[in-house]
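By letter and in written order, the chains are A, B, C, D, E, F and G; residue numbering begins at 1 in each of them.
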Amino acid sequence: MIRENLPALQVVIPLMAAPICILFKNGRAAYGIALAATLFAFGAAISLLTQVLGVGPISYELGGWAAPWGIEYRVDYLSGFVLVLVSGMGVVVQLFSPASIKREIDEEKHYLFHCAFLLCLTGLLGIVITGDAFNVFVFLEISALSSYILISLGKHRRALTSAYQYLIMGTIGSTFILIGIGLLYMMTGTLNMADIAARIGPVATTRTVLAAFAFFTVGVSIKMALFPLHLWLPNAYAYAPSVVTAFLAATATKVAVYVLIRFTFTIFGEHFAFEETPVATLLMPLALIGIVVASSIAIFQKSVKRMLAYSSVAQIGYIVLGVSFVSVTGLTGGIVHLFNHALMKGGLFLAVACVVLRIGSDRIDDFAGLGRRMPVTMFAFVVAGLSMIGVPLTVGFISKWFLIQAAIEKGWWPVAALVLLSSLLAVAYIWRVVEIAYFRKPPEGEDRITEAPVSMLLPMGALILATIFFGLNTEATAGVARQAAEYLMGAVR
Amino acid sequence: MKYLIGLGVTLMAVWLLWSGHYSPLIISFGVASCALVLAITHRMNVVDNEAVPVEITGRLLIYLPWLAWQVILSNLAVARIILSPSLPIAPRLIRTPAGQKGEVGRVIFANSITLTPGTVSLIVNDNEILVHALTQEAEDDLQSGKMNEQVIRVEGNA
Amino acid sequence: MTSEFALIAAPIIPLAAALLVSLSGKIPNLRDSFSVLAGIILFGTVVSIVPDIMAGGRPAFTVVEVMPGLALGFLVEPLGMLFALVASGLWIVTTIYAIGYMRGHEESNQTRFFASFAVAIFASIGVAFASNLLTLFMFYELLTLSTYPLVTHQRTDEAMRAGRVYLGILFTTSICFLLFAVIWTWVITGTTDFTPGGILAGKAEGATVGVLLALFAFGTGKAALMPFHRWLPAAMVAPTPVSALLHAVAVVKAGVFTIMKIVVYIFGISFLASTGSNQWLIWVASATIVLASLVALTKDNLKARLAYSTVSQLSYIVLGAALANQAGVVGGSMHIAMHAFGKITLFFCAGAIYVAHHKTKVSEMNGIGRQMPITLFAFLIGSLSVIGLPPFGGSWSKWFITMGAYEAEQMIPFAILMVSSLLNVAYLLPIVFRGFFLAPKETSDDGHVGHVSDHDGPSPGIWKIGALREAPLFCVLPICMTAFGCLVLFFYASEMHKMLLPLGAP
Amino acid sequence: MKRHSVLRVVAKLFLPYILLFALYVQFHGDFGPGGGFQAGVIFAAAFILYALIFGLRTAHKVASADLLRILMAAGLLLYASVGIVTMLKGGAYLDYNFLRHDPVHGQHLGILLVELGVGVTVAAVMVTIFFGFADRKNR
Amino acid sequence: MYAVAIVSVLATMFLAVSRAFAGPTVFDRILAVNTFGTATVLFISVYVFMGGRPDFLDLALVYALLNFIGTIAVLKFLQFGNLAVGGEDEGGLDS
Amino acid sequence: MELILDMASWILIVVGSVFCVIGAVGLLRMPDFYSRIHASGITDTLGAGCILGGLLLQSGLTLVSVKVAFLLFFALIASPTAAHALAKAAYLTGEKPLTRRGKSA
Amino acid sequence: MDYFGLYNYWIVIFLMMTGFYIVISRDNLIKKLIGLNIFQTSVFLLFITMGKVKGGTAPIINHHFDTYSNPLPHVLILTAIVVGVATMAVGLSLVVRINEAYHTIEEDDIHLVEEEP
């Protein structure tokens, strides 16, 4: 019973858990519920991915209606992979959260946090699992609305303005996406992605479909904070509660990228997307400029969260770059970096969350001497940071490897060179923190600072271990990513 | 109680008119809905003579056509003003006596005043209404007291 | 102990040492014994592999396969064997010396120092035994990272600045060029394994080979090929044992080792020579040899002078590799060891002089030989070996490199090698001359010249017997050992040559 | 000055019909363009009108925050549980055919319950949001 | 005929929007928005008849309702700065 | 009969449309807030009333017509109420009406 | 319907631009939200006026029973409206809290307040 309905339960369980959290209105009970639901989602995701790897893509008809009319949930290699990523990060963040939100969120709002978190998770999982274009929009909004709430829970009042700013940008983005979907519906008369893909052929060259693609691309670029549409992100990440930042950074923008990949490769088809439209000539330069500019801005930030936020903008550039190669290797690189970046950026933000818990600030200067005071946390930061730079043994290296391989395969030397150069920018901003944390004397009287509690260190440690593990064993990441890439590239032909 | 029953009957009638589906299921939904509405409005404490003017309904129905005619007339008058290039208005504030005994009556009077363009009721007091009138004619019409009397008649002796 | 076991044990030993050192930070004697002990065990372990290699064995061990054709693994071959021997052997002496130096100098953060030191050796062993480019690259970067705390040990603004230059150049070159070259190689050949005869033959041609070689050569910033040599003099702010480690033991040797290894096992010397792409590298190396020597002449600061000397000497090795023939490759490889012993002796001496007299400038060293005869005598031996005069090790390696240039009919580099030796004489021997034969200057007597020092009196452990004023025993002992090593290597050169000969096999 | 008689009387007059209209929309969802959402909005609108005219305190007496919270959650749960029940009965998620022996009845019931869940939730959420706004200055 | 109605309703909406922008007082704007709302209700009604989907009339009704309540709410907010006060004893719009 | 009803409904719709626009024009032309209320009243009463009345005739005696009737009923009560509330609020806030022409009261 | 079918796009585009313009040009946070709402509304309008979908399939849902029709566009608009309302609600509640925190809802003033300390 559970097994055959897993695709539905994947979304329904966290969705149901959210109102139960409200019902209890008690932080602790809500935590238990949220954790249980998240764990379930993780288990379901893993089970689904294993099924897909075994027997190929799964289709599930919601309400038992046949695909074009009813809503279809569809799990293929890519979505299975991203499902595992999102729910896995959910578990890590949930395990991490109690101690962190205790400091950063008012006690009476804890249940709200868990509720919004579950809704956000629901939305993200829904986006990934659904095979219905309009459903994507609905889930996109569920996750977006709950993330506005999550961000606004931050202690600083600027969390409010940041959430507001994000709301404006996010709504414009999703409205664009909605227009794109609506136009597609108009031209094909269906909302089922596979169905649209099958019917788009004869109308592909019409202006309406071009407009649909343009609207869609702009909208999703806002959602994933592709440079220069990233302006909402730094503030949102900087002022949100630390766990929220970690979760959003690891999942939300990633899922937006998923939507981009899904639509361009499954619905429009890479031929249309990259040859009929000027998207290719636009996406890659934007990605590259984004990588360089955002990384450079990151170097000059005073707040570590902000710095990492700008780094995220840059990293999205890498993922989009991978996609814009339109080759199996490039797409593999993009997909695998989507996963890898989630691990390391999640790890970095969790480390910052530990620091914020203890010193109540994320200013770089306040990190002085933390290398000794919070050795585990800072070690985690360093490892994840090295991964961000792309040092071997870490996942970051694997991503860069693929991206550069893709560039070399295509003979795009400057691109390869730029990717490598940008690693140096990463060195610069990561190293600033490391230098201060390890090599600068802490201010007087800061002896009370101790290591973060084990309940936070363990989930963070898990991410860091994953950062290294998947840097050594790439079968589960690059292997699946390649399968997904081949499937995506081949599915259209 | 009188009002509750009156409201219940009206609600059910309205439901049937709206619905158009007369299967037992839907009708039972209708009954349940009416009951729920009654319960809620009762809890809200809004079921009284003001909400359910059972006593005056009949006379109200006679008043309405007259009011409609007044509305048309005043509409024409104001429309003429709007369309004339010189915009011949002479706005003024006036007090007009309101002889109604009950709130409902006074409200009907005030709304009737507003409903006829050319006059707008501003403040409703116990025995008079402050009105903004657009022209001398509108003022004269109102001050003739016809509408006041008509509404008093609607109110009856209740 | 089988070679495979030794191969697995070799990296683990320094790693364990790093752990033990950090844990025993509160008890300095225990901590330092761990360091020394680990050094001895490691050296023993490495030596135990030698017979197998001499017999043609190639012990190997794969840790994990990251992607198909992309693994993390170890394999011992003659060149790596040599480098491992040098690194592990000199670790012992350097550790002993560092103990004396750090204690004599009452340095802070000694635990971190020795722990980083052990990690650096771990990385060096990893570089030495790497079985493929990926593994090599990884340990290469780890070596950079682990030596950063050493370079910036003083924590002064100057040190931090130097640290940034150090990281900046090494990371920039390795990430932008070396990594690029590694991935490119992989894309071309589908492998990164070091294979006798190279892997590029038949897969790459024309300009690609030249560009790849450039990427590898300049990507290996640790080889200090001009114009990417700046980090080396900058890193001189570090305490002297660190300089010794950088120059003689681990860092720069890892650089030239990498170039040598890539030339031999990735390009393959016959393939490289056949393409002619090595020509430009010969010229760059030759130019670096001369230019760096000239710069060294102008430096008054002793460590800076030695640093530029190193830049120059490293290019001998690169030149040997670039010649791409048997004599050049073997000679270059031998020079890794020969220069290591010579240069470490020189640095030890510089450090000893600093510890005992707080003198850093060549111009202040008049008459110092009278106070520190042992040290200065060792300095002389080291200088002679670096210059390449018998009966010291350096003479052999330089001989082979020169032969290589001759065989390759590279007459101008051949001439440069000759001239360069004269330049070596010019910047090294005057120091000895000053020390022994010139009268000390009045002003520089009481030791306030050293820019790092805030000591008023002599540091603890300084020998003072009459006019003698030598550095502590822990400093002097290693100096004697390495100076003696220069001599010993002269006589063991044939063994070394025999071991390295397979490198030149076509 | 006297109370605002016009608004009060008109509101009293309208309220029952607005509420009824909401329920009408709620239960005719499967025949026309109706459904839980609009019903919820209309229901909430009625309540908001009540609160605007008769004051927040009075409105709170009619529907307390706790009641709203429970309704909110209950509606969502109702929605989701219908799906769970269909699964328990062997169908796919929200496959109403499995709700009853007779599929037509099953669909009726399924849609009805789901819409009801949505309606209750939407109404509760809207009112809560309104209270959230209106109440803030008082805290 | 519907077209005539649609066009004039749209014209009405346009004029109302102009007044909303012109102001000058906030009450002018509210009035304009209210008129715009009435026009919208009419628009929906006519459009629904035109398209042959009179089911959608409910939409017009809902819109009218919301328009009314919205106007009251905004007025109250204007008068008191919030929506909290009001009612028989607190004197809201009722005062 | 059908034809007459149709005719009547069309006439109503056209008349309503005209009054709608007249009201809106007045909304623009009138010099102050209070006089604008009268203008908007035209749209709200005769404009809306006629158009909805026309639609009512169009739909004949069906369920649809019931809905239109309700809409009409609601509009005719809600609009004056809203207008009154607005005027009262303005008056209480101190918004001064123009009296006669151009002079303030 | 044809005479209307052509220029509905222009109305949609006009509304969209208006909304967008308000969002970017206004300082007042509430006005921005109103602009956003207009922006969204334009899309609903687009959907409503989209009319008959090209090649639209008759939405008979179940192969066994044709009891229910599936008015798809209607559902879309409706859902989109729900989303719009929810966005408004969250946005407004944010503005209320911003007003409490900064005592202003003018963006410029907020920036000023932020820069002070």
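The rule is short, and it goes like this: a residue touches a chain if its C-beta (ideal position, glycine included) is under 8 Å from a C-beta of that chain, and two chains touch if they have at least 3 such contacts.
From a predicted model like this one, the values you see are computed outputs, not experimental measurements.
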Chains contacting each of subunit A and subunit G, listed by label: D
Any chain in contact with subunit B as well as subunit E: D, F
Far-end chain from subunit C, centres as C-alpha averages: B
Selected interface, B-D versus A-D, where C-beta contact pairs are more numerous: B-D
Closest chain to the centre of mass proxy, which here is the mean CA position: A
Computed distance of Cα centres, subunit E from subunit D, in Å: 23
CA centroid of subunit B to CA centroid of subunit C, Å: 101
For subunit A paired with subunit B, centre-to-centre distance based on mean C-alpha positions, whole Å: 58
Approximate Å spacing (C-alpha centroids) for the pair subunit E, subunit F: 12
Where subunit C touches two or more other chains, by residue: none
Two or more partner chains touched - positions in subunit G: 62, 97
Multi-partner residues of subunit F (each touching 2 or more other chains): 23, 25, 37, 67, 70, 74, 77-79, 81, 83-85, 88
Subunit A to subunit D touching residues, read off their complex: 1, 5, 8-9, 12, 15-16, 18-20, 22-23, 25, 60-64
Subunit A residues touching subunit C - in the complex, by the definition given at the top: 389-393, 398, 400-401, 404-405, 408-409, 416-417, 420-421, 423-424, 427, 431, 435, 438-439, 471-474, 478
Residues of subunit D touching subunit F in the complex: 4, 6-7, 10, 13-14
Subunit D to subunit B touching residues, read off their complex: 1-2, 5-6, 8-13, 15-17, 19-21, 23-24, 26-28, 31, 50, 54, 58, 62, 108
Contact footprint of subunit E on subunit D as seen in their complex: 1, 3-4, 7-8, 18, 21, 25, 32-34, 38, 41-42, 45, 48-49, 51-58, 130, 133-138
